[in-house]
Amino acid sequence: MARPVTLFTGQWADLPLATLAQKVSEWGFDGLELACWGDHFEVDKALESDSYVREKRDLLDQHGLKYFAISNHLVGQCVCDPIDTRHSRILPPRLWGDGEAEGVRQRCAEEIKNTARAAKLFGVNVVNGFTGSDVWAKLYFFPPTSQADIDEGYQDFANRWTPIFDVFQAEGIKFGLEVHPTEIAYDIITMHRALAAVNHHPAFGINFDPSHLIHQFVDPAQFIDEFPDRIFHAHIKDSRIQLTGRNSILSSHLDFGDHRRGWDFVSPGHGDVKWDPIIRRLNRIGYQGPLSIEWEDSGMNREFGAQEALRVVRNADYAPSNVAFDAAFGKE
Amino acid sequence: MARPVTLFTGQWADLPLATLAQKVSEWGFDGLELACWGDHFEVDKALESDSYVREKRDLLDQHGLKYFAISNHLVGQCVCDPIDTRHSRILPPRLWGDGEAEGVRQRCAEEIKNTARAAKLFGVNVVNGFTGSDVWAKLYFFPPTSQADIDEGYQDFANRWTPIFDVFQAEGIKFGLEVHPTEIAYDIITMHRALAAVNHHPAFGINFDPSHLIHQFVDPAQFIDEFPDRIFHAHIKDSRIQLTGRNSILSSHLDFGDHRRGWDFVSPGHGDVKWDPIIRRLNRIGYQGPLSIEWEDSGMNREFGAQEALRVVRNADYAPSNVAFDAAFGKE
Amino acid sequence: MARPVTLFTGQWADLPLATLAQKVSEWGFDGLELACWGDHFEVDKALESDSYVREKRDLLDQHGLKYFAISNHLVGQCVCDPIDTRHSRILPPRLWGDGEAEGVRQRCAEEIKNTARAAKLFGVNVVNGFTGSDVWAKLYFFPPTSQADIDEGYQDFANRWTPIFDVFQAEGIKFGLEVHPTEIAYDIITMHRALAAVNHHPAFGINFDPSHLIHQFVDPAQFIDEFPDRIFHAHIKDSRIQLTGRNSILSSHLDFGDHRRGWDFVSPGHGDVKWDPIIRRLNRIGYQGPLSIEWEDSGMNREFGAQEALRVVRNADYAPSNVAFDAAFGKE
Amino acid sequence: MARPVTLFTGQWADLPLATLAQKVSEWGFDGLELACWGDHFEVDKALESDSYVREKRDLLDQHGLKYFAISNHLVGQCVCDPIDTRHSRILPPRLWGDGEAEGVRQRCAEEIKNTARAAKLFGVNVVNGFTGSDVWAKLYFFPPTSQADIDEGYQDFANRWTPIFDVFQAEGIKFGLEVHPTEIAYDIITMHRALAAVNHHPAFGINFDPSHLIHQFVDPAQFIDEFPDRIFHAHIKDSRIQLTGRNSILSSHLDFGDHRRGWDFVSPGHGDVKWDPIIRRLNRIGYQGPLSIEWEDSGMNREFGAQEALRVVRNADYAPSNVAFDAAFGKE
Amino acid sequence: MARPVTLFTGQWADLPLATLAQKVSEWGFDGLELACWGDHFEVDKALESDSYVREKRDLLDQHGLKYFAISNHLVGQCVCDPIDTRHSRILPPRLWGDGEAEGVRQRCAEEIKNTARAAKLFGVNVVNGFTGSDVWAKLYFFPPTSQADIDEGYQDFANRWTPIFDVFQAEGIKFGLEVHPTEIAYDIITMHRALAAVNHHPAFGINFDPSHLIHQFVDPAQFIDEFPDRIFHAHIKDSRIQLTGRNSILSSHLDFGDHRRGWDFVSPGHGDVKWDPIIRRLNRIGYQGPLSIEWEDSGMNREFGAQEALRVVRNADYAPSNVAFDAAFGKE
Amino acid sequence: MARPVTLFTGQWADLPLATLAQKVSEWGFDGLELACWGDHFEVDKALESDSYVREKRDLLDQHGLKYFAISNHLVGQCVCDPIDTRHSRILPPRLWGDGEAEGVRQRCAEEIKNTARAAKLFGVNVVNGFTGSDVWAKLYFFPPTSQADIDEGYQDFANRWTPIFDVFQAEGIKFGLEVHPTEIAYDIITMHRALAAVNHHPAFGINFDPSHLIHQFVDPAQFIDEFPDRIFHAHIKDSRIQLTGRNSILSSHLDFGDHRRGWDFVSPGHGDVKWDPIIRRLNRIGYQGPLSIEWEDSGMNREFGAQEALRVVRNADYAPSNVAFDAAFGKE
């Protein structure tokens, strides 16, 4: 009755999928959300050979694991971003090429289209990911930044992603943007702007993840209220504000996991996300997809944490009411 | 006994200095902090002709206005920033030139050195301003950003600004960085890192401005506690957090003044800055310089606001205690 | 050692008692608090036939379920209320009759007396319920409302309920008012007023239920502190404040379960009730009765919720201390 | 430049208007908002005789007092309310008549139409007031109350007030409902519902008064954001939450001024209303009307309070910005 | 109509009274509350010579200053305290003598009786002060401390102070204990205990001072609610909590004025005391005495502060209401 | 992998160790932290006879219980305290002797040295305890208390404890002060002062216990950040703030367990300690020692509580991360 709980494999790309699948199955997860890096899901191979996706499916089936979505955050990030050396570290050589910015962006745009095609072959109907943004870095409006400057960034997003979304639509696949700082949309207001930029393209929606909203002080429950028909997928990830008056919510260019940061990611249940109002909203909008744990906590053993997180999610998830109390009260 | 109250002229650059000086004097200000843009203070002219600074001084004297510092934020910003078209709007053609990034940066570095020289001629010993930053835009650590990436930015700052600070020191002038997002230092932790990068150069310190700390949730009083000997100048500017659960502290790429933003600048006394603890700290560290109102509030009439702000500051400022209460109690 | 945990059947009146008893027993509850509507407990039949209460008891015994109280909220509500069409929906035809207000009130008053008699036959010594109120609706004092207006309402309560409480006392039964908006008492101050109105009648006390206090910002623990000898029974029910600045604590004439309300009932453990201080108070005043779960949550599956609630209560309940720590510390 | 500040005369109806006008003028108010009770403004007399409104105007002119609106809360209240004896105390005999409910309601409806006509004669274009409500008292949904029950109340409002609003529109007068508990609209959600019920009749809007929102935890600034084109008039009135954990936000049927209440009205500046965000909103929506002090504070001397309130409002009100800061910054 | 505002002279004992009276009169105070140390008011001299109190009165009259109370905190402290060397610094040699503890206590007890006699001669009917406490230092119950241990301290207080209060009563003088840590009563609960210990002696009451309650998190308004008939005098003094998570509310044995303390005294209006609810309470209980500023703020110039405090008090104080709003509303 | 969980036996000294060990072993604890009172661990006997510690070890081994530390709070308290009759109740006759203060102190100092020797024999390397303090009771600086007064107290501590710490160091034992009101160090600032007083003696550190910090509003996590290399042992004990505005954080000389206190000890998980940030800090500083439950809750059955606490600690403890997420992300 409760929703399936999957594990997003992005933070486990150092483990071969076979190893990970074995562990995750033993821990009691219902499935996996495969990341398109490491050997977990390789878009190029999926399109090259008939056997590739079949073997992936067999592996998962063998461990009793289901699959509802794949994710390609890293390649998506490079579609709109101003490219710098950091991007070379998150792309395979075939996409990075000579590193010339526009070439990188275009190769990544094609790869994302291929991700939709591969998803169809694999048998899921959602691809999660990032979009990148040409204007994210202009976030604090100094030097003076005009709305025209920002509009250009949204136009760039529309230009690059509309053709991608058209492919998605043709394949019957949805794209779930993980609304997140560094992306074209990172809060309620910018998500509205991004939707408007692509004329509310039906293939464009949200991979809901509250951990990116908490440190912005955006209420995750109200976020769902705002986009009830665009929640295509949901991540379970937590974050925590740890302000002391001596550190900054902007986090001072400190690494994740540095205890001096003003906020950080933590294992579900250890942060400031309130899960109950989120479950209620997901029930209300009729979301039937998986609750996919994206596990990231720099202060906790990963395997301990994934298992604890699974228990937290199982406890938090419940079905909506099917009874009218007034009716019960009034029955005579 | 109380400190002099000056007005920073940066937000009034649309008015000729003569007009502004007349108004400000009538409103009861004690002096002006001249901005190095508009006709308020022109570094090149100050160095070209003996009469330029004399005439400025005469104008101010004539209105009974004092001067303790000049400010050159816009040029300073271009020393370390990755240059884009927005920078062309804040520089005069002689500095922008062909817009080639490294050339712009170097011309601006020279201009800042000249600003120190001009300050000496004018007769003040503090120049306030910005530094720019090569790494500010990498603020959210995705794509994955290493401390080595950030270290490069601080090294770039050290390389470009150490020679500048040497000129300042030779001229007997201090540089007060307005600690502020988009700069090399924007909070307590990054200010420590910036100081370390230039080996605590004696010419490098702070133009304290609480309005840039409030929306980061940094406590301005604790900021002063942390750098008691580096507070070279102080701005009086206020800001306000206006989070509703539906907007973001990152402010959604919305213009200042847009009521949907998560925070905004407001006239002193209308925001979240608590002035009493700041005055106490300034008293404790023995800061004797001006309280310089940087007036910016997109929702209030500017002339009404400047006058109201002056009253707010006059009421807030008081001298430290000169009595020991225990002594009084115990006296028999 | 811990207190028995029962389920109040009011929200399950759509299920035949036999069905419900089977489920509840399997879930591990210790007993049931039967509602006097549906077929759960019928006052008229209990008084008509010797076998009725015996069969009820047999049914409960057969499932290993205990019983400590019965409840008759709906009929009690009609004793003091101004009667309107809504009341017709909560009364059986024999009590509603022609719907003439005074007649309804008097028939309901007699029915409540009979409820005490039936409770005695059944073998419990507490009847929980509502009283209704002639003045509740005058809650916001406009049009201008005098204390004389309100006093009339309390006098009406005293006139109608004193004879009822006399019957209760004669039968050895206590009446536990569920302190609740729409009743003669809904907080600490009005409970004092209601007690005074009936001269602290020994049969009149409280069915403690924190869920009706939370949204009034009354502290449930202090409520118990205030009436330690009048807590005759306790409901475990939770509620949650969900104010956003855009909705009202008065809840805007929205249905329970509407996510826009300013507060709502939720399953125990999902709301703002803090159970630990309540358990401590119940321990301190020596309350030995059941903890009776009144389960109501418009956003959660009822059967899932009842079972989860049982676990929550079992975890929350504990026995008081029987040791003095200083004594242990000082023992040599 | 700042808005005129008027005094609403409703709380001063014990003083003859001539006496009040004298005082208020000396205190420095700009005008009066006349209440249609006492001798301040009598609708029947205004329609009977040409000289009545002329003499009122002369009296006000003589003291240099302006007028922008009149108010008829008491009669408006009786249009939709279920009538009880409290209403007899707020109506003149000619409207109360024999007290038969429907007759009272209809006479009051006619009187409100006449109030629009009288307002036109007097020379103002706003009438403020209440509407009453047939469903307010059903606020807490017990006995179980359906949306159909509530819909009837809104339909009743539409039936009774649409003809009234038609008269207003014909006369060129606006009706400003003081959104307030006991009325058809008392928060954001119910105001939307009321507007929908009368098809957004152009004559129907709001007399904004934050004091009725504070104790509901509705944010007054967001209220203005929601209805920018329906703010026809503004009251300056403050209220304060004074919860202790032992009292209730519903205020326990205690008189205003009783210190045990959970909230109460207080003189402007003594409560929880934040005036700065309200002034900003009024500036943004271009509200040019008066700020009308409705002074009510059961714990403060009335004449002291009115004068203090005037100072508070004068200090709080300011004009919007007429400068673009980025432009100034960028000017070279 | 407003209450007189006096200055307590204890923190100004380093100035001769003549000097202080001159200043205070020019600043606009209404009177002085003389401290019984320095040359301000000397109990022994007042009893020795007829002229002493006359000359004091003449001096005050000459500056237009009134007097309502005198204060003898330092001597009072020594009546119940365990005496150590710190007490030698607050007593004159004639009371300290050889410093033998019991002798000091008894001499101080006699001196307090004489203070009542001197107050009568001087023409005031309130003496404020401290009592000391034999058990204050046992505040944290380790080593294990029994109620019997504490009861002994209250008995000691009763033994020593009952004869003192008898003298007060005979002279028609009230003793106002400044409820304060280090005294027999420092909060609501201990004040009840102290009153009980002396059988609610009519001469024993309170010099209300909110600054000693704030850092204990006791609500000053509720304190007045609790002892309406025992408020004999009122101090205006403010304090502020300045917790950072790194310092302690117990204040770490740091001096007043050390910015690292968890709380500190500040000039009225600069701290956490909310004056409005206090004024309302004083109005409600009918307190007609002075508001006496006890000025202590280690971070502010004393003369600036006293004058600012006077303005703060004048603005905060207002008379109670003399009008019934409902009556005005209902008047037709 | 997780840390061992032990029970501190101090609150169980009424039970013979054999009885307690049996219970604790059955409940699933990993070990015991023996208190040096009751028959749990007797320093004198340990030094007298070779068999004593062997028998203790055998008893523990037999129940599978480990041991990492012993504790001697009561004797330690008497080293620096001003001695009064309460101390006689916490010392055995051989240490109390004739009760002459200095003699008591010196005998206790010797006993603490012997405790180190006994610890070595027993086979643990940490002794936890208290130090007492000559200045704790001067906590509120009235009568006026100078830093010289306080310095004397810290000098007294240094004089008495340096020789003790020298013995500890010689024996290879650490002393863990339970930072706690009534001791020489009770917060961050006083711990720094105490460390300085003994020149940061390597044998002197901390038995970390958050329950004593919570009611001082010191953040336990920041406490660990401040002394990462001095955390020698950790207690798991919880406390709760229960302020109502009518009670005091100083707790009014009320017994622990009195529901009117402003704070109290409660079983772990029932209070205001947040365990997650503490576990993270312990992980970060590499603390490998036991988590030792000091169970004290005056409102809960002791045996129920100890078992619940064990579950709480087992759930809260987890190992640190051993993976770098960026690395996983970037792996291609």
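Per-chain numbering from 1; labels A, B, C, D, E and F assigned in written order.
Simple rule for what comes next: a residue touches a chain if its C-beta (ideal position, glycine included) is under 8 Å from a C-beta of that chain, and two chains touch if they have at least 3 such contacts.
A quick note: this is a predicted structure, and the numbers were derived from the prediction, not measured.
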Minimum number of chain-to-chain contact steps, subunit A to subunit C: 1
Pair of chains joined by more contacts [C-beta pairs], C-F or D-F: C-F
Across the interface between the identical copies subunit A and subunit F, with over half of residue numbers shared counting as same and under half as different, the residues used are different
Among the chains here, which has the CA centroid at the largest distance from subunit D's centroid? F
Centroid comparison with subunit A (C-alpha atoms), farthest chain: E
Round to the nearest whole Å and give the separation of the Cα centres of subunit E and subunit F. 40
Hey, how far is the Cα centre of subunit A from the one of subunit D, in Å? 49
Subunit D and subunit E, separation of their C-alpha mean positions in angstrom: 46
Give me the residue numbers in subunit F that touch at least two other chains, ranges are fine. 74, 89-90, 144, 219, 222, 244-246, 256, 326, 329-330
Help me check something: in the complex, which residues belonging to subunit F touch subunit C? 10-14, 37-38, 74, 89-92, 242, 244, 256-257, 259, 266, 270, 296-302, 304-305, 308
Contact set on subunit F toward subunit A in their complex: 1, 219, 222, 225, 276-277, 280-281, 283-284, 318-323, 325-332
What residues of subunit B sit close enough to touch subunit C in their complex? 244-246
Within their complex, subunit E touches subunit F through residues 74, 77, 81, 86-87, 89-90, 135-145, 147, 149-150, 180-182, 186-190, 193, 213, 215-219, 222, 226, 243, 245-256, 260, 262
